[in-house]
Every structure is written in C-alpha cells, then in structure tokens.
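If you scroll down you'll find the structure; I have some questions about it.
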Amino acid sequence: MKRHSVSRPRRALATGAVLAAGALALAACTPSASENGGTADPGTPSTSQTISVWHYFSDENQVQILEDYKEIFESANGGVTVENVFVPYDQLNPRLISSAASGSGPDVVVFNGADAGTLALGGALAPMTGYWDSFADAGQFPDSVVHRLDGEVYAAQGYVNLLGLWYNAEILNEIGVEPPTTLDELNDAMDAAVAAGYAGITLSGLPNSQGEWQAYPWLTAFGFDYADPQVEPLVDAFTMVQRWTESGALTREAVTWDQTVPFQTFAAGGVAFAENGNWQQGTAASTAGFEYGVVPLPIGSSGQVYLGGEGQAIGAFSANPDLAWQYLEQTYFSYDGGVIAADLVGSIPSRLDAAGDDVVTSNSLLDAFATSIANNGGNYPAPAVPAEAVADQQLEVGQIWSAVIGGQLSPEDAAQQMVDLLAGLL
Amino acid sequence: MRGGRTPGTARLSYESRKRRTQLLFVAPAVVFLAAFAVFPIIQLFRMSVSDVRVSNLGSDWQFVGLENVVRNLGQGAFGGVVVNTLLFVAIVTTIGLIGGLAVAILLAKSGRWSATILALLVFVWALPPVVNGSVWKFLLGTQGLINSVLLDLGLIDSAVPFLFDDRIALLSVAMVNAWVVIPFNALVFRASIISIPAEAFEAARVDGASRWQEIRFITIPAVRPTSLVLFVLTVVYGFRSFDFIYVMTFGGPGTATTTLPFLGYVQAFIRFDFGLGSATAVIAVLMVAVLAVIYSRSVRREEIG
Amino acid sequence: MRRRLLAEPVAGPLRFVVFVMYAVPLLWIILTSLKSPADVIGSQSSFLFEPTFDAYVTALQNVGLYTAMQQSLVIATGTMVLVLAIAIPAGYGLARVDSRITTVVLGLLIVLQMMPQTANVIPLFQLFGQWGLLDTNLGLIIADSALLTPFAILLLRPFFRSVPTALEEAAAIDGSSVVRTFFSVVLPLARNGIATTGTLIFLLAWGEFLYAVNFFLTPINYPLSALLASQVSAFGINWPGLMALAVITSIPILILFLFTYRLLREGLTLGAVK
C-alpha cells in the first residue's frame, strides 16, 4: 500500500513539472523580433550600419514624417538602415532614463523639447556641441530652439509648435467683432459672445506641464517673468481667468482637459475662441463645420508664447554618434526636412530659410503662427528655470493654474503661493 | 468551520511529517519571490533614504536618512494627500466589498441572465484603465450622458461638476474605482459561494428559512475567510492604484484628487525625484503594513482560536 | 422566465440594475469606436451620428495587430501557468501550516502586493539586463509572475482553507501520502478557486502594459496592451481608435471567460454530488 502510494504522486509531480517546463518552452520559443526584424537590441553596440530612432509618434501623419526621413537618409547613404522605435509618450522619458542608468539607449531620440535638460542630466543624451559648431547651417536656427546645458549643446528642434488664438469666424461676424489684437479686445469679444449665448474660449487647465504651457502666455501678458517672479502680474492674470469662469466664457471643466478635448469642443461649434496649437490644422479642416481662422495670441509686447515641439538629440550610448548626427543633419535639421514637417502636420520649420518657404507663407493659418514666433516666441522651458527644477516648476505652476480655473484658490492666494514655490525652485 | 484536531500519539509523528511536507509546498514561491520580487523592495527602501535624482540614478546614491520623508511632510499639501488617500480607500473598500458580495449573491445561481451579466462584468473589468477611465470621464462630463439624463428628468437644474469640483471630484474618482473593483470581488465571492454544499441550502429551506435568512446565516459565514482576504486586497488596491486618477483628473483640480500612489508616481516619474517618490511609496507601504499585521493576526486568531 | 422573475421580486430588478451599470459604459465604448473623431465631442450623449468603421479598418489593417495578439496570448498563458504552478502549492501550504512562519509570510505577501509596479521597473530592468532577459518573452513572463504571484497566493489560500481537513485525514488513514492527497483530494475540491484565480491572472497579464513597454526593447514584440497605449499621444487620446482596439483586444477575453464559465458551472454540480 505504501509503495503503491509513492508512484502516483510522482506521476502527479511529473505532470506539474511538464506543465511548468511547457510554459517555459512556450515562453522561450516565440520572441519573434530577433528573427525577422533587424537588430534586436538597439542598446547594444553593433558594427552594423543601423541607427535606431526612439520617438513617441502614433498619429498617421506624424509617423509619415519619420518614414519620409528614413527614406531620405537611407537612399542618400547606401547600406544604412534606420529603425524607428515607437515608445508610448508617457513611457519615453522613464525608459530613456532607466536605460541610461544601465548603460544603454538609442542612437537618436526625438522627445518633448521641454525635457531636454532633464534627459541631459539623466545622462540619456550625448553632447553634440562639436557637431553643432561645425554645422554650416547652424546660423539658420534661432537660439531659442537650441537646448544647452552647462555650455554644451544637447539638442535642437527642427521645427516648432506653438499656441495661437483660433477663432470661429461665424460667431465673430454675428456679434460684430474683429479678431482681437489686444487683451481688452479679447475680453470684450468674449463678453459679447457670452451675451449672445456662446462660450468664450476653450483651453487646457490640466494640473501638469500641459497646463503650465497654456498658462504661460496669459501670465507673461501681464508682465510676469520667471527671472523675477512678482505677485502683482499673477494676480492680474488669475483675476482675468476667474472672470472668464464666472461669466461662463470658460468652463471650469477645463481642469480635466488635455489639449485635444478643448480643440474638439471648439471645432464642434458654439465657442468663439480656442487657445490651441498649429498641430490642430488637420483636425480643424476635417471637423469644424464653420469658417475659422487664427491670430497670434493678443498678449502684447511682454507676452511670450513657448516655442514647443520635439527636440532631437543623439543618444548618450549610441555606438555610432557620427552617423546619428548625419541623420539629424540630413533630415530634421535640413531645409527639406523642415518643409516636410510643415507640409504633413503644419509644424513651423525652425530654419529661417525653410520658414520662408511657400508651404508656410501661402498658408494663412501657418502665417499667423509664424508672426507669433517673430513677435512673442520664447524659449521652452523659460531660461530662468534651472534644468533640474524644470519638471517641478511645470508641475507646480500647472497645479496652481488648475486650482485657479477650478476656483479653489483666490487670485491673491494663488499668486502668493506660486511666487513662494518658485522662490524655492529658482 | 473545521473540527478541532485531536493529536493522538500515533498521529503526532504523522502530523509533524505532514507539516514539514506542507511547508515544502511553499518553497518554490519563496525562492521565486526572493529572486525577483525582493530586490525591487530593497532598492525602493534604499532609494527612500537616499538622494536619488535623474543625474545619479545609475551611480552612487547618497544616504540622507529621513530627509525625503521630512521634505514630503514639509509640503503643505501632504496632509491633504493622506486624507484624500484614506477617504479614497474607505470608499473603494466599502462599496467594492458590499457591492461585490451583493452581485455575487445575485449571480450565484447558474442561468443565462447570470452568465450574461457575469461575462459583461468580467469583460469590463479586464478593459485597461485608460479605456474605462476615458469612458467615465465622458459619462461624467458636463455634456455627458449622466448629466444629460439627470437634466432631462428634471432632477437637477444645472450640470453636476463631477470631476472638476474639489469636493465632488475625489468622490467621483473613488466611485469609478469601486465600480471597477466590484466585478473582481464578485467573481471571487461567487467562486466561494458556489462551493457551499447544496445540502446546506436545502436543509435551510426545509426549515422554512427565508432567502434573507439563508444569506445571513449560511452565505455570509461561509464567505468570511474570502471576504477577509478580499478586504485586504481591496485596501491594498486602493493604496496603490492611480491609473484612474491619472486618466480622469490628473490629481486635480489643483491637488484635490491627489492620493499617495499618484503623488509617488508624479514625484518619481514626472519630477524624476526618485528619492522623494520612493519615500512616498514607503509611507504608503508602511500604512498598509499595519493592516498586514492586523490581517495575519486575525487570520491566526480566527483559525486557531 | 416570467414565473422565475415573479418568484424573485427583488433579485430580478437588482440584476437588471447591475446589468445597466456595466452595460452603459460598454455601450458607450462601442458607440465611440463607431464615431468619427469629430463626433466624439460633438454628439457626446446622443445616439444620432453617422457610424463609421474607420477605426476598425485602421486597427485591423495594422500588421502588428496579429503579432501583438500572438504575443499577448503567449505572455498571458505563460504567466498564468507559471503563477499557478508556484501559487497553488504555496497557497495550500500556507492554508495548512499554522505557525508563526505563516503569519510572517502572509504579512510579507501583503507588503509585496503593495509594491507600486512603477517602483519595480528600474530594478528589474537592471536585473534582467544582467541576466539577458530583456527583450524576451521569458523575461516578461517572469516579471508579470513576480508581480501576480503574491496576489494569487493570498487569493488561493482561503479556498484551500475551506477544504475540510477531515477528508485529508481520511485519505491519510487509507495510507495516502501528503503529496498524493494534495493532488487527489485537495486540488479537485479547490478547483473553483483555482479556475477563478487562473482566469483573473490571465486577464491581468493580458492587460499588463508597463512592463511590456519597458522590458521589450523592440516594438515588434509589444503585446496588445502596448498597442492600446499608442492611441494615447503627446497631445491627447484618439478615442475612436482606442475604443475600437479595446473592443478587438477584449474579444479573446470573452471567449476565455465563456470557456471557464462552463468549468465553473460543472464545478457546482460536481460539488453538490460530493
């Protein structure tokens, strides 16, 4: 009986072992990439002429830019393969930083330009000062799109994205106002729109960097400056915004909106204005069933609009930085590269020569944005904010912006709180 | 629930042999978790007492003791964040458990309706948070379905600011989290209910027990061990879940819906202050550790006593 | 049907309430997946819009979808098998041994369960880099299993607890060893719990996304959950695309559930015979 009982559990144990082994075999046999898809690990140094480009684009047109660049570079350089690697937006920075901490990473990174300092500090980007200084066309790029840290160039932006004031021409006609050129005109127009039963404006009040990016033009319009944060201009700006939420010109729901929802809300009709970007051209054309236009945000001479968009850099652990630079030089930083971006997604080329191309000047929407760059364009992030404090500053200012729109803080408290916070960061 | 053991002399050696074998059953889990789950914990605790920024993540971490905790406490909003967390956990746990049990009882009997609803519940539970979160963000919006229905029925005069009023937003997000937890709890409760021998219910019916008495005197006692573990799992979920907050409010307006796990995430992966973020996570872990002690003790008391 | 509803004056309507609570959001997901991006905001709470299958066409035309589905299947199955292989014996052991060790282990499992997943990414990335597990399915299965095993053990333990020890003792008197009793007596009686836990583990592994995008270095290895994430871009979310992919990726889940539901129902009748 005893002996008999030993054999059954053995069999049972064996079954368990087979099951487990089966699972592991199943796991081991299917990594499909290394067999059919070029280099398996973009982080490992290799002698092959492949460069990996990490990016976060999933929109069809944005991806097309990368495809076009890949084709340009591959056909100009025989034997070279460009591998575009998609990483979800929220995961790109963490993944770059954790890869860098263990000594790996891509050849080229296309990332949110505002994070250049953070990524450079994190050791994810290679300094490209040498390449930049000997770059013949470097003079074509305004200084505000070149990201430096401790005297080294770490990234540059081949094109910029920025905010403008979109307007619903039909509503403006109905209430009999022209597109505003000053804040007073804007406020009057919004009052008239509200009186006629429309909403005034849509924007993002999300308590993060998106909120800060949208708040900046209004704050600076009243003379706020990160280099010397003062309470009064902030009180004025916040008072104006709370007047909007009280009159119903701006819904407090904006605190839950990223930058897509407010634009789609505007495009659905019934809203006079939207503070939104040049990248919305496609959405406007396909969605808005009314006449619309864009003017520069009416923020006076002190007002600033961040010049955002993606930064391009060489990965710190690239096995072939020379080739990576060649890629950037022949695609993102070239005249044709800028024109491609303008043509496909409506980004404004950073290069002065490319910004004067027909693609931009013949497009009245893009032209308004280009004017805004010339009059109000500002570095993103603001140069007064040290690289290690950028993430904190964006988040905390975004939270205060959100609390002002949500009505939790009075303009005075919000302004005081923001100045105190910045004193600790700057 | 089980008969007490009466250790006879002959059984004792068998008992101890049995116990040793049964302990061996735990060995693979201990080895596996020691290899892959303990290292991250050690790193988390080390980080929480070190100054780890984006610039020294891969290199030497400077020991700073409790400075990260002090920095956290020094922020005016931290107390509010702890209160938010406790409220959030309380709502998710209470509604998640009671709702889960109620749904499990409703769906315990096999049938087409039960199968359909159960399938629906599991389907919805398995959807990624970004999907469920987006859906609820729309349903709860000013122009959303819920406000439209309430307005049409004349129950409210103006749209309820579900997600952007600082007093309501936390409640809304917690309710949505409870809504997501209910299918999970219901499924586990149900597995435990259908394991109750049918004779128990038959005997009760012969005695003329009402449906309510059946639930009160048979079902609820039978699911006690399960509900204890579900209680713990739901509380832990509440203490570490931030996906819905991320999708629906991003902690706002201001910091009105910021909870500890969300704060920890933001500190570590948006501000890249890994030390501070780890300290926040450790504070949450310690709050739950208190619960863990209470749980393991009550398990022992209940099972031995 | 009518008679049964009448016989259950409370349960029937309550079931309907539960149904509505979960069907409405699902309906909204399906409706959104059939909208053009313009209609998502424009017709938020109305059913009047022109349905379009664009989002589905785009999703299904993506060649990556099929590789991703295969990846998800391998990862979720592998994780489920590995977790169950480790957690079933552990749950049983911890259900039967009453000692200080049990208390300590249970407490530790809760602390493990409490670990924020985001905090695991960087240490595991370093560990997997050293062991050559990055960019492999095995690595991801191990990571997912390490994440889900504490949960599975905690969940399984009460199910083993509720198997009467008297049955085991009877088997022991017949001369059955501990291991054999476990397989022949305990496992069959705990199958409801095991099936439920297995289903939950599979679903959790199916939806896991953070490890997938961090430990797979090449996007061609990404499972479905990562494709879903690609609908969330820097500027906002592509709702029709997201919802269409959510529907597509959930269909295998539904099939799995219907399969295990049968299992659970059979479990009920067998249990009644015992």
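Miscellaneous remarks
As written, the chain order gives the labels A, B and C, with residue 1 at the start of each chain.
Quick note on the criterion: a residue touches a chain if its C-beta (ideal position, glycine included) is under 8 Å from a C-beta of that chain, and two chains touch if they have at least 3 such contacts.
Bear in mind the structure is a predicted one, so any value in this text is a computation, not a measurement.
Interchain contacts join each chain to each other chain, per the touch definition above. Chain pairs A-B and B-C differ in how many C-beta pairs they share in contact, with the greater number at B-C. Centre to centre, using the average C-alpha position, chain A and chain B are separated by 34 Å. Mean C-alpha positions place chain B and chain C at a centre distance of 15 Å.
In chain B, the positions touching at least two other chains are 57, 141, 269. Across the assembly, chain C contributes 85, 122, 177, 179, 182, 229, 232, 237 as residues in contact with two or more other chains.
Annotation for chain A: residues 94, 98, 101-102 touch two or more other chains.
On the chain C side of its complex with chain A, the touching residues are 37-38, 40-42, 67, 70-71, 74-75, 77-78, 81-82, 85, 121-122, 125-126, 129, 134-138, 141, 175-177, 179-180, 182-184, 210, 213-214, 217-221, 226, 229-238. Against chain C, in their complex, chain B makes its touches with residues 1-3, 5, 14, 17-19, 21-26, 28-30, 32-33, 36-37, 39-41, 43-44, 57, 102-103, 106-107, 110, 113-128, 130-132, 134-136, 138-139, 141, 143-145, 147-149, 179, 183-184, 187-188, 190-192, 194-195, 197-198, 222, 225-226, 228-229, 232-233, 236, 239-240, 261, 264-265, 268-269, 274, 277-278, 281, 284-285, 288-289, 291-293, 295-297, 299-300, 303-304.
Partner chain B is touched in their complex by these residues of chain C: 11, 14-15, 18-19, 21-26, 28-29, 32, 44-45, 85-87, 89-90, 92-94, 96-98, 101-107, 110-120, 122-124, 127, 142-143, 145-147, 149-151, 153-155, 157-159, 161-162, 164-166, 172, 177-179, 182, 192-193, 195-196, 199-200, 203, 206-207, 209, 225, 228-229, 232, 237, 239, 242-243, 246, 250, 253-254, 257-258, 261, 264-265, 267-268, 271-272, 274.
Contact residues on chain A toward chain C in their complex (touch as defined above): 1-2, 5-6, 8-9, 12-13, 16, 19-20, 22-24, 26-28, 30-34, 36-37, 39-43, 56-59, 62, 85-91, 94-95, 98-99, 101-102, 104, 112, 258-261, 264-265, 267-269, 277, 279, 283, 286-287. Chain A contributes residues 93-94, 97-98, 100-103, 118, 121-123, 205-209, 251-256, 388, 391-392, 395, 399-400, 402-403, 405-409 to its touches with chain B in the complex.
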